[in-house]
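Read from first to last, the chains carry the letters A, B, C, D, E, F, G and H; within each, the first residue is number 1.
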Amino acid sequence: MNAESIRKLFDQVRSGKLSPDEAVDRLRHLPFEDLGFAKVDHHRALRNGMPEVVFGQGKTPAQMASIFYRLAKHGGNILATRANQDQFAAIKKKVAKAEYRELARAIVLQRDQKNYGKGVIAVVSAGTSDIPVAEEAVVTAEMMGNDVEHLYDVGVAGIHRLLANRASLTRARVVIVCAGMEGALPSVVGGLVGVPVIAVPTSVGYGAAFKGLAALLGMMNSCASNVSVVNIDNGFGAGYVAALINRL
Amino acid sequence: MNAESIRKLFDQVRSGKLSPDEAVDRLRHLPFEDLGFAKVDHHRALRNGMPEVVFGQGKTPAQMASIFYRLAKHGGNILATRANQDQFAAIKKKVAKAEYRELARAIVLQRDQKNYGKGVIAVVSAGTSDIPVAEEAVVTAEMMGNDVEHLYDVGVAGIHRLLANRASLTRARVVIVCAGMEGALPSVVGGLVGVPVIAVPTSVGYGAAFKGLAALLGMMNSCASNVSVVNIDNGFGAGYVAALINRL
Amino acid sequence: MNAESIRKLFDQVRSGKLSPDEAVDRLRHLPFEDLGFAKVDHHRALRNGMPEVVFGQGKTPAQMASIFYRLAKHGGNILATRANQDQFAAIKKKVAKAEYRELARAIVLQRDQKNYGKGVIAVVSAGTSDIPVAEEAVVTAEMMGNDVEHLYDVGVAGIHRLLANRASLTRARVVIVCAGMEGALPSVVGGLVGVPVIAVPTSVGYGAAFKGLAALLGMMNSCASNVSVVNIDNGFGAGYVAALINRL
Amino acid sequence: MNAESIRKLFDQVRSGKLSPDEAVDRLRHLPFEDLGFAKVDHHRALRNGMPEVVFGQGKTPAQMASIFYRLAKHGGNILATRANQDQFAAIKKKVAKAEYRELARAIVLQRDQKNYGKGVIAVVSAGTSDIPVAEEAVVTAEMMGNDVEHLYDVGVAGIHRLLANRASLTRARVVIVCAGMEGALPSVVGGLVGVPVIAVPTSVGYGAAFKGLAALLGMMNSCASNVSVVNIDNGFGAGYVAALINRL
Amino acid sequence: MNAESIRKLFDQVRSGKLSPDEAVDRLRHLPFEDLGFAKVDHHRALRNGMPEVVFGQGKTPAQMASIFYRLAKHGGNILATRANQDQFAAIKKKVAKAEYRELARAIVLQRDQKNYGKGVIAVVSAGTSDIPVAEEAVVTAEMMGNDVEHLYDVGVAGIHRLLANRASLTRARVVIVCAGMEGALPSVVGGLVGVPVIAVPTSVGYGAAFKGLAALLGMMNSCASNVSVVNIDNGFGAGYVAALINRL
Amino acid sequence: MNAESIRKLFDQVRSGKLSPDEAVDRLRHLPFEDLGFAKVDHHRALRNGMPEVVFGQGKTPAQMASIFYRLAKHGGNILATRANQDQFAAIKKKVAKAEYRELARAIVLQRDQKNYGKGVIAVVSAGTSDIPVAEEAVVTAEMMGNDVEHLYDVGVAGIHRLLANRASLTRARVVIVCAGMEGALPSVVGGLVGVPVIAVPTSVGYGAAFKGLAALLGMMNSCASNVSVVNIDNGFGAGYVAALINRL
Amino acid sequence: MNAESIRKLFDQVRSGKLSPDEAVDRLRHLPFEDLGFAKVDHHRALRNGMPEVVFGQGKTPAQMASIFYRLAKHGGNILATRANQDQFAAIKKKVAKAEYRELARAIVLQRDQKNYGKGVIAVVSAGTSDIPVAEEAVVTAEMMGNDVEHLYDVGVAGIHRLLANRASLTRARVVIVCAGMEGALPSVVGGLVGVPVIAVPTSVGYGAAFKGLAALLGMMNSCASNVSVVNIDNGFGAGYVAALINRL
Amino acid sequence: MNAESIRKLFDQVRSGKLSPDEAVDRLRHLPFEDLGFAKVDHHRALRNGMPEVVFGQGKTPAQMASIFYRLAKHGGNILATRANQDQFAAIKKKVAKAEYRELARAIVLQRDQKNYGKGVIAVVSAGTSDIPVAEEAVVTAEMMGNDVEHLYDVGVAGIHRLLANRASLTRARVVIVCAGMEGALPSVVGGLVGVPVIAVPTSVGYGAAFKGLAALLGMMNSCASNVSVVNIDNGFGAGYVAALINRL
């Protein structure tokens, strides 16, 4: 154990084998990791209600099953994102209670049902093709113990659908907005609510959408001041940030 | 005159100096421009009410004055875009009736007051910094004989200002929308009206606006089907296209 | 029904249960959607002759068949773009009168044969590879009730083929021009006609064509003033905008 | 006043001049703005403690003074960003209590001293050249009623300076991180804290920094899950989002 | 025949049925193509030794066979670029003398063996992966009647291999240089010869090669003054331009 | 002189001071430059009629005068490109016969009047703003001993002006085409002539022209097979390549 | 042998068949390669311990086996990068001692076990997905005779893992750092060590990672002065440069 | 002092006031910075011969003088990069021995003359415009105690000049290569030497050079395996890395 070498120093000081000066001197040359353990405890406290997260893309079913199984030995929730049916089948054999959230392309094991959030997180998406990203945000926020409401298919070209649901938006403590193509929705939503908006550009679109670049640039330049942005298709990141905010 | 050489051919054929075969043969070797004149007339007909246009940027006051003076000898309106006060001062000395439209950075000489448009063109802009581009569109459409209404400072983050003026939008036969930053406004406007929308990305913004690129990409990917786009800051082009549509 | 809650307010005012002041006050807190219904009617009027549109790409045959079948219950035309043979086979079983326009990669159900346009829309394309995009524009304009003429394979490097067909161009009330590679054709066409030109960059080309970016930039910078641009490969958008213009 | 026309409807219903059915019918055709006032009130409630904001860049001293003077007539704080000494001199003559925050390039008028935040906002910056952006975030958060701590010149290449100040970071309820060049600092900070991190790419750097693009892309791809990003040099946006979070 | 209608005009003038004035007037309204025939003849003369060219990529074997067969009915060479074995098999059945140049991915039918070039064209390539592009240039130049020498695998990092073959380079009347990755070879070759160098960036490379963009930019900025550039992987274009130069 | 050390080796072998084996061995260790001299002579032969070239941009008048004066001591023409009036004034004092070609921004000293070209080089430009680039090409070709014809302001949107001058184009042995904005002109010209076309993208334009990038990409993707491209605004390079071709 | 022709010259001079002047003259016209041999020897000396390297990607198993077999005839190590199992199977049949390093996707034949390096090369990677690139660096350095230590999965968002292993880093004479996404790790490592750091951006990531571009730009702008960068995913290059440094 | 609190712990343990267990426990909660001091000493050892470095760009003369003066109080060399004459004048008044290296745009104070390098560093540049960057590398390496040779104006288009100086290159222990435009020089140099090459893209060039981007991409894709790259115009970084290598 890392603390041992430090403990030993103190023992030697007590027994008079080392003067305090000598001990301080030796401490300077101890490898860093011996001193790092305090942080771990501190972090554990912070991590209450945080799921273990696995990025599924590019992993074989066998790899996924093995990782998932190992994580499942400890308590807490587990969330595998960008996961497919084959990976789920492999996991299911080892961890019977795992579930597949198809729309979100996520595998979850939910054991901690506690609500860690103080309000509702709203997840808005522009088109039906944005739903997988939006659902990834939803499942992430849920695995972190939040109430989530979603509002899909409310693109800016049919602004009345968005306005008709404004009540639901204004109830939210944080809003996540997923949009591809021109990525204009976060600006409009941002103007309707007084809370933080997390914008997720999606790779939905073609041609000059350039796989989400147009939406990303649009969101970075939002004329609404309450908007900040995560990576293209990063529903997980948006759900994670929103959940952190909702805990405050 | 170009037609002369052709006329001469026919004369020679009539007088028997040339056989028809010889004439056809000679015709093959006449320079192209001799045959092109029909097009000119045809074009003149089309061009009724079209202003002569000068792009002012990068020209000296002396150059501008000389060009403007020469154009002013013929009838019709004259429009100098991207023009400054110095250029105007130089022009004013030679063409006393020229006016400076400061907001639009345009110098105009309006002699043809006829209304060539069949309805109203609405010009919408997102922020106050977009106004010079919007005004360039306005003055272009006006010089081409159109009724123009403008609706400024109606950005998407304050969507209620746009909606509050929906009536004015729905009156229009064509709508021009100028917006910088994320360039989201044309999508929203496009969803509110059933007529063609000409979108003009502006170079307003900073950072990831990349001098209008973000707005341009956003508009190219508009989820509203009735939107087409012109170059960054090209208020003239938008006004021109809108005027052509309004004549139909 | 949404209007009910407002109706109720009026009833209460009439019966004296609420003073007008109280009623105004309550109105302030009604959810927005109760007030939005007027717009729907207004829109319905505008939408005469508009087809229902489905974006086929990425949808399963089953999904397509189900969406198409549902839309087919109402009147009007249906247009599914970016659709393939498998999707058509699935739709055909449910909607026997659906047709597949192979060149355009579109599935249509045409029930409204009325001509809503006032003139002819010309669709021009540069190379044979641009034809699918051009045909998407054609079928869109046709489903919206327009006469369409097409003029294919008239690239700028063989300018005489374009000039030889100028007559057909000058007959048109709106012109759509599809071109990949350098995207120069809209400028040339724009110079030959006096009506609006809708330019569609296509992803045809290789290397520095960058999947349509070169054509897109070229068209944005067109030296012809009557050109506006839609997204790369967006034949639908061009057809839609052209149809709107042709109705005016 | 907008509400008048609605009020009038209710009066007419009460007096029996209109039946409730007729009133509902008329309401459908009232222009939108008559109904929009409720939102304003609602927004005013949300806006407690929000400063009026002016973007100074590109405005003349006279324009700035005039805008600032007008805003100063109402209560609340005023914040002018991207402002210079000349603009301040002009404002100072009209609004004697205005102050210039030189590092932040901001002019402020602070009249509402109330603390609207529930904790501390930490503002971290990588290099001394990032300080103007960081200070813009600081002054924004302060004008919105927050306690702000700053931690400057803690770039990732000297990670020990950052670690030595970890205590201060872990105290914060929200952290803003400003960094140019490779934009790596938010990831490192994100790993050290359990709260939301707002990352601000700055245009500091040269060559392949491409005026903030490298930092922007770096931050979008942060491997820390608690990071979201605002526009290049957008200290204001970061301060605004952080203040909103700190109110929750 | 197009000239007929013009001939008829002359006949009518000679016979007195039309006055010269009337004839000129009618000429104005003749469709353009009637006047264009001279150009065709002129072009035919220019086109001696020019192969018919088909771009194979994306075409089915059946389409290729049909096009190739039709072209084969006339004299002259035929060149199908970006062609595969399946396309060749289909063509072979219809045009027995067609050959497949595997390295060049080209199908050729060579019937005109005449040498139209005045000197030798040298084709240089940097790496073995650039050979398909280089061979496309070779076969193009050969089909246009040129002597071609090739010099492969002489990348700039082993400059001695290039220098050792300088003699062969200095014999050439035009030099084509194909290179991917950093695209530096044309500059080096350009400095060694006093004749025009046609540079072809190839998509060879990975990572920051960005599918030929790095090589393209490198070549555009060549410090050798005798270098001009064609599109990425455009071996055909380089061979074509070189052949035109070699005919002069 | 470099050859001396080698000559010495042979002398020592003849005199028996060195065996052939020893001589070969020493040769291996001679510095490279001793062997390089043949190339110099060879190059001098090639360089007949080549001007000395100075790139003026960024150099002080004093530096320019000094360089120009030194070059003027030898025979042959001198060409300073991107040069301004101040530089010319400084040069004029030292080299009285130097001339300033204002449109081309070039300073020349022409002493070799010999015609090295075999035909005419045509220089075409799209707009008046492209003239400086076109003139740089003209003056370069002239300094290299060529007959040059220019044809300005023949943009593709007014295709008839280009066609009217086709005769002049078809006389040329090489054609240079300068165009900014969408850069479409080389494709059109390329389709009209059967000789090599050197395309020069110019930085003329604004917005999505991106300082010549749009024109560059357009020209790289030209659908005319006889087009190759030089750097943005590189009139010198185009003139140089054209002159080399015209010598062949 | 190349030196022969030179040797012959010396023989002829000694025997008086050639005067030294004639010999020098002939030497001028000898092909270059006859003179280049000194360099070869010189290079061979430098190349001690250098493996022969084959880039496997895109080569067929048969091609790979044939190349590998030919290289195996000479002594020294052989390294095939970007190689797959099929290629290995083919090689294994011909060269029984070849081994497949699966993680590195490399095939090696190690015959020279000598240690050419003077210290340890440390290879650090940020995430598990970066391991293939890191392992390519490892195997390259090993084939060039170096002791290599690796330190994986020490991303910047968990900076304590990196710090805990600082001892191992500070032992290294050169450090290679592989990272995708934001590419921040080299800056942090650079700040912890006083030796050269070779940074390798990897294509790991999605969305705005743009296949390694974000990491590449990040590393180019590293605020640590001891960082230089190789191409995206270029583990081989990093290993090669590190090995060269470690030999010094 | 930070170490005090730790020292106090040991004192308390020795005096029996704390048990070793209690001391370890308290240590866990001490703020991190108390433990960080060891690293400082360690670093100081590493930093022998390292200059203090100031980035001059954007700093006022007064700021520069003040920073420089403060640094000058300690021993060792000082290097201010991107510095101008005005800054130097201000510094000179306070630190009389400071010198201005004009070509390098650097201000230096050299007090440590010791040679820390084991061999020669060669600095190569392509054109005269690259010299400022090259000189920045030279002065950096010199301030870090190295022998530096430079070799300027040896661009790839005149490869013989480079080859003629190969001897000087092969003497070097590390080579720095600065080049703008196409950035091809590092590849050529890399092929000529067997030591590490540090490539510095410069912003020299115009048009498609895109301020160094073309050179940067070219160098990243170098076909020479011994090349690594630093930021555009980053002569300092190259000199720094080379000096670190030369110390090994």
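Keep in mind that, in the parts below, contacts are C-beta pairs under 8 Å (C-beta built on N, C-alpha and C of every residue); 3 or more make two chains touch, one makes a residue touch a chain.
Predicted, not measured: the structure shown is a model, and the values here were computed from it.
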item	value
Intersection of the contact lists for chain D and chain H	A, G
Interface residue overlap between copies chain A and chain H, same or different (over half shared)	same
For chain A paired with chain B, centre-to-centre distance based on mean C-alpha positions, whole Å	50
CA centroid of chain D to CA centroid of chain E, Å	59
Separation of chain A from chain D, taking each centre as the mean of its C-alpha atoms, in whole Å	25
Whole-Å separation of chain centres (CA-atom averages), chain B against chain H	55
Where chain A touches two or more other chains, by residue	163, 207-209, 213, 216, 220-222, 225, 231-232
Those chain pairs that satisfy the touch definition	A-B, A-C, A-D, A-G, A-H, B-C, B-D, B-E, B-F, C-D, C-E, C-F, D-G, D-H, E-F, E-G, E-H, F-G, F-H, G-H
Residues on chain F engaged by chain H in the complex (per definition of touch)	31-33, 36, 39-40, 57-58, 201, 203, 211-213, 216, 231-234
Residues of chain B touching chain A in the complex	126-127, 155-159, 163, 180-184, 187-188, 190-192, 205, 207-210, 213-215, 217-225
Complex contacts: residues of chain G adjacent to chain F	3, 6-7, 9-11, 13-14, 16, 19-21, 23-24, 27-29, 35, 37-38, 41
Contact set on chain D toward chain A in their complex	42-43, 46-47, 53, 118-119, 170, 173-174, 194-196, 198, 216, 220-222, 225-232, 236-238, 240-241, 244-246, 248
Chain G to chain A touching residues, read off their complex	129, 160, 163-167, 206-209
